Every structure is written in C-alpha cells, then in structure tokens.
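First chain A sits with chain B, and in the next complex the same chain sits with chain C.
For the complex of A and B:
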C-alpha cells in the first residue's frame, strides 16, 4: 500500500511537471472536432445527428496518442528495468500509471466534451449518457492503449496505434450508440459498456504484465 | 488411464521438438497434397456442374463453394492460433509460437478470399459490394487482427519475444472478436442467417449441401497442408545452423 502511494505521487509529479501532458490532448481534441463541421457540413441538424460518433472518434484518437507512450519514458531511461529487477509489483505499477495517465489526458477531455452541446449541437437530453459512456469507455481505451504501448515498447508508434485501434472497436460502437439515446433511462449500451469494463480490467492487466515481462527475458 | 496420459505427455513433448516435427511432417505433406486437392476438385466440380441451380439466386449462388469454406477456415485458423497462443504463454512451447507465425499469413489470405468472394456474391444478389453488417464487419476486423499480428511479429528481431508478444495479442484478440461481432449485431443485419446448422435441419437442399461440405472439408485439409509447409520453412530458417538440420539435409543421418 505504501508503495502504491509513493508511486502514485511520483507519477503525479512527473506528469504535472510537463504541462504539455494536459494541453496537447485538449488541443488535439479541439482541432479534430473543428475539422468535422468544416469538412462535412455546418448544418445543425446533420451535426447533431453525427455528434456522438464524432466526439467518440476524437476522444479515441487523442486517447491513442497519449496512452501509447505510457511506459516509454520509464523503459528508455531504465526505471522500468530497476522496478523489474527490484521485484516491485509490475501489476501495481501498470494500474497506477494507467490511472494517472487517465486523470491527466482523458478526464479533461470528458469535461470538455460537454461543451459539444454548443459546438456540435449535441442534444442536451443525451448529455448524461454521453458523459457516463465516456467515463467508462476512456478507462477501457486506456487499458487497451497500455497493452499496445507495452507490446510495442521500443518500436515505432504506428504499430501501437495499429494494435490499439481494432481492440477499441467495441468501445467505439457501444459508446457512440449509448450517446445517441436520451438519458431518461439508463441505456442498454451503457450497461454493456460497464460489463466490458469489468472484463477488460483483469484480462488486460494480466496481458499487460506479460507484455512488459517479455522485454526483460 | 495412466498409460494414455503418459502417451499424451510424450506426444506433447515430441510435438515440441523441431527435428521430430520436421521429419514427421515431411511424410504428411504428400498425403495431404493429394488428398486435399483431389477432394477440393471433386467438391468444386460437383458444385459447379452437377448441383441444381438455385431457385431465387440463379447460377451466382455457386460461389458459395468458395465463400463459405474460406470464411469458415478463416475463423477456425484464428481460433487455433488463439489456442496456440495460450499454450505458448502457459507452457512456453516453441512450436506454438511458430504455429502462430506460420498460420497468420495463411489465415489472412483466406479472410481476403472470403471478403472478395462475398463481395462478388453480394453485388448481384444484394445490389451492393459491401455493407456494414455484423458478419462482414467482423470478418474485416478479423483481417485487421491478422495484419496487426503479422506487423507486430515483423517488428521484433528476437524470435522469442516476438512469439510471446504475438501470443498475448492473439489471445486478447480472440476475446475481443466475439464482442465486436455481437456489438455490430445490434445494427440491422442483412446477411442471410447461417445455412448449415449442426443441431437442427439445414436450410439448404441436400444436392447443394453435400458438395459444400466436401469443399469445406477439402479447405481444412489444404490449410493443414499449407500450415505444415509454412512451419517447415520457418523451422528450416530458425534451425539452419543446428547440426541435426545439417545432417538431415546433407544426408549424414
């Protein structure tokens, strides 16, 4: 428990030292969102119909950029070697890193995406469904991204994206479907997303441990 | 009971040995070659010349004799790869990693065959080459997984880490594929429901069913053949400098 606390504050410190960790996903997300009205259509009715999908695609892409380098720095400067050699729990390291990365890169985007009610004419009645599906979905995406990052440590980043994107397809489908319903009652897709979360956490944590270990064999 | 268990164990250990596998698979290849291609031509010729014309779809339905076997094989190969991935991760059996490496391009080619033959079939019957329906989408995603596996494999220099990484990815993909299929399923599905059912009456005439089953059977033999050949080629590549391989090739046995 003590180790988790120390490691957590270390990670928070590392992330907060670099302001680009928070700013770049936000900028990327906003630019991506801006593209769609300019490229597709600025018709409010059409945009509000496309909005759930667009928000989800942009969240997925910006999440992809920030999560796949999650182990990179520690791998490159050798900290991961030390953790490994010193018999620290790799599982705890993975979980803490994913949580901290999620707080810094995904949470601001979720808050920001409520402004899409104005920018993309997203229907206000669906907002609760959108936010809760984003809340669950971004965690799942973070886990897939961490696995992709762990598998492709020391490789080029296109490979990590290529691994992560097909894995994230169910999240994209369920999440954007959940956001197209009004929030009066809990969406069926939201419950499915939640069950996917509980499947993802143990399975992907295990896979992630195996993926990190293979670089030290 | 104890006897069978020990013989299974010894078979497992033999299966993990490259020299044993290389020698024994050499004997299977000619048999599988003759059997696979003759059954394939039997099924195809029966299907194209002798089975009746479909009442609603006309002659175009005959592409079923390529499409269904290819799609079936494409999924089965991935399933087998996922099992091999599990075997590799748990017991570190070298042969399992080699199996995944050898089968991935084969599975990818059969997936492409299924997609292309499906598009050719879909044009005249549905009026479109492609539709975002559950089966088509999940087959496309299956192809993506095959390609990602091939890509991940080629990015490693060390075969051992490559095997480990690919095994993990294959297993995660195997859990993910049914979820993807199910989640696309809630969209409207245009694809005709599966025609061959194991536990109930098939919704296809027997004169069409028998050649189809023959074709499917022959595709599995052919995949077995291609898989053996690809695995032997990879064994030869990895063991090029080992003495057993040199002795075998130079005939000093």
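For the complex of A and C:
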C-alpha cells in the first residue's frame, strides 16, 4: 500500500511537470474542433447532425497522442526493471499509470468538449449523454492505448497506432451513437459502452501485464 | 547464503553462458567480468528475478528460490540504467525512490554530502552529468540496510575520488556481513572473487 501511494504521487508529479503531455492533446483538440465548422459546413442543421461523431473523432485522436507512450519512459529509464526486481504488483502499476494518464490527458478534453459543443451546434438536450459516453469511452480508450503501448515497447510508435485504432472503433461507434440521443432516456448504446468498460478493465489489464512481461522473456 | 548451480541462459537460440555455478557467503564480494555481450547484465537480472526463463538452480539459505525476489526487501538492485525521472529534481526523485524503502535517511544525507550531491538537490536530473546520476543511486545503495547488493556496472562514469568514498563505505558494509555481486570491466578492483563469464561459454 505504501508503495502504491508513493508510486501514485510520483506519477502525478511526473505528469504535472511534463506540460507537453497536458497541453498537446488540448491544443490538438481545439484545432480540430475549430477547423471542422470551417472545413465541412457552417450549416447549423448539418453540423449538429455531425457533431457527436466529430467530437468523438477529435477526442480519440487527441487522446492517442500521449497514451501510446505510457510505459515507454519507465521501460527506457530502467524503472520497469526495478518494479520487477522489487516484486511490486505490475497490475497495480498498470492501473495507476492508466488512471493518472486519463486524469491528465482525457479529463481536460471532456471538460473542454462540454464548453466547445456550441461551435458544432450540438443539441444541449443530448449533452448529458455525450459527457457520460465520453467519460466511459475515454477510460476504455485509455486501456486500449495502454495495451498498444505495452505491445509496442521499444518498437516504432506506428505499431501502437495500428493496434489502437481498430480496437477503438467499437468505442467510437457506440460513443457517437449514444450522444445522438436526448439525455431524458438512458441510451442503449450507453449501456453497451458501460458493459464494454466492465469487460475491458480486467481483460486489458491482464493483457497489458502479459505484453510487458514479453519484453523480459 | 546464495548458491547457484548449473545456471544457463539462452537468448535467440544462443547460450550466453552455460553451467554456471558459484557460492556467495556473507561478507563476500563477487565481481562478474567478461566481454561485452557475455551476459553480465543478464546474470544480475536473473538473480533479481527480472528474467525468468533460465535453466539451473538458485538456492538461498539452503532453500531453493526462483530468484532473490522473495527477499526483495533484503536485496538492493542497481541496474545498468538509473531508474531516475529526468524531469524531476534530485530531491523529488529521492522522495519517491522505491530503493529507499529500507534505508536510513540520515545516512543518505551524509552520503549525499560526501559525494557532493547536496548542492544539486533542487536541480532537475536531466541537468546532471551521467556520473552524478550514478552517484545518486550509489548514495541510495550505501544508505540501504540490505544484506545482498546486486550492482550492475556501479562505477561507470564515476570520478576516482567518488569511487574511493564508495568502496570505503561498501567495505564497512561487507565487514558487517553484507554480500555483494557486481559487474565491472575495471581490473583495479581488488578484494573480490572474480567470475569471468567468458569461461562459461560453450
């Protein structure tokens, strides 16, 4: 427990001191969300119809910037060696790293998207469903990103994107579909997304453990 | 204390070393030497439990162990890489260093002072030289109360004065019963049993 507390506070410190980890996804997101109305159309009806998908695409691509390298620094500087040598729980380390990465790179985007929806004429009646889907979906994407990062340790970062994008497609489809419904009803797609979250956490955590271990075989 | 019997490790269908056997008693120092790529780092990683797919037996205090993992609190491991966070200061790194869980904070302060690191406590690790980074970990090593020290190239990038301070401090630990296994290319290090991995090739 002592170890996890220390590790959590170290991760918070490392992320808070790496401003690029926080700023890059935000800037990327802002650029994308601002350019869509300019590039696609300025017709409010057309934009509001496209808005859920556009917001989701922007979030997915912005989130990919940092999550794929989640284990790279620990692998390169020898911290992962130390965790194995000290017999610390790799599962707990993976979960802490995903949580901290989500707090610093996905949470600001969710907060920002709630204030940027007006640019795309997103119907405010659907806002709660959009935010709920983003909240659940970004956690799932973080887990997929962590798996991609674990599998591509020490390899080309293109491999991580190639692994992550197909895995993220169901989340993108369910998330944008859930956001098209009014928040008065709990969307069926939102429930599916929630089920996917409960399936993802244990399965992908264990897969990450195995993928990292592969680099020590 | 630690007995290795018939230890072999293969990488990509090629044996790095085969049939390696040795015994380590309290107060003993074993220096692992050998050519580049002979498996020095690999051997240290096997002993710490980082690498598992080896053949042979590792027994600790007459009990067979998978590695020294079960005694991870009693083992101090210093890898080839320093495991320091470059964007944090020295002090922040030390506050969050897991190698210091079993160590004496006053001793750490005194070794930081002796190794001229006190003035860099609030400097980012990325701004330090490789030798200074190595000294931070060695200060942690000297402050730890472990009984077995597994050190991979501990003196790399170190100036002569710092090496002497560290050797002297390690000597007193060894006199008190600590055992050390370290890898090095340095021929000037005396008072240790040498184990050359070149002799354990096929």
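Quick note on the criterion: the second predicted complex is superposed on the first by the 217 of 217 C-alpha atoms of A that agree within 3 Å, B and C clash if a C-alpha of one lies under 4 Å from a C-alpha of the other, contacts with A are read in each partner's own complex, and residues count from 1 in each chain.
As a working rule, contacts are C-beta pairs under 8 Å (C-beta built on N, C-alpha and C of every residue); 3 or more make two chains touch, one makes a residue touch a chain.
Predicted model, so just to flag it, every value in this text is computed and none were measured.
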| item | value |
| --- | --- |
| Three-chain arrangement built on chain A, chain B and chain C clash or fit | fit |
| Computed vertex angle (chain A) for partners chain B and chain C, CA, steps of 10° | 90 |
| Partner chain(s) touched by A:61 [first = chain B, second = chain C, both, neither] | neither |
| Contacts of A:3 with chain B and chain C, given as first, second, both or neither | second |
| Contacts of A:166 with chain B and chain C, given as first, second, both or neither | first |
| First (chain B), second (chain C), both or neither touched by A:135 | neither |
| Touching partner for A:155 - first (chain B), second (chain C), both, neither | first |
| First, second, both or neither for A:117, with chain B first and chain C second | neither |
| First, second, both or neither for A:79, with chain B first and chain C second | second |
| Touching partner for A:217 - first (chain B), second (chain C), both, neither | both |
| Contacts of A:127 with chain B and chain C, given as first, second, both or neither | neither |
| Closest approach of chain C to chain B (Cα atoms, Å) | 7 |
| Doubly contacted chain A residues - partners chain C and chain B | 217 |
| Footprint of chain C on chain A - complex, ascending | 2-3, 6-7, 9-10, 13-14, 17-18, 73, 76-79, 81-88, 216-217 |
| Interfacial residue positions of chain C with respect to chain A in the complex | 45, 48-53, 69-70, 72, 75, 77, 79-88, 92, 96, 98-99, 101 |
| Footprint of chain A on chain B - complex, ascending | 89, 141, 144-145, 147-148, 151-152, 155, 160-161, 164-165, 168-169, 171-173, 175-176, 179-180, 183-184, 186 |
| Touching residues on chain A, where the partner in the complex is chain B | 147, 151-152, 155-156, 159, 162-163, 166-167, 169-170, 173-174, 177, 192, 196, 199, 203-204, 207, 210-211, 214-215, 217 |
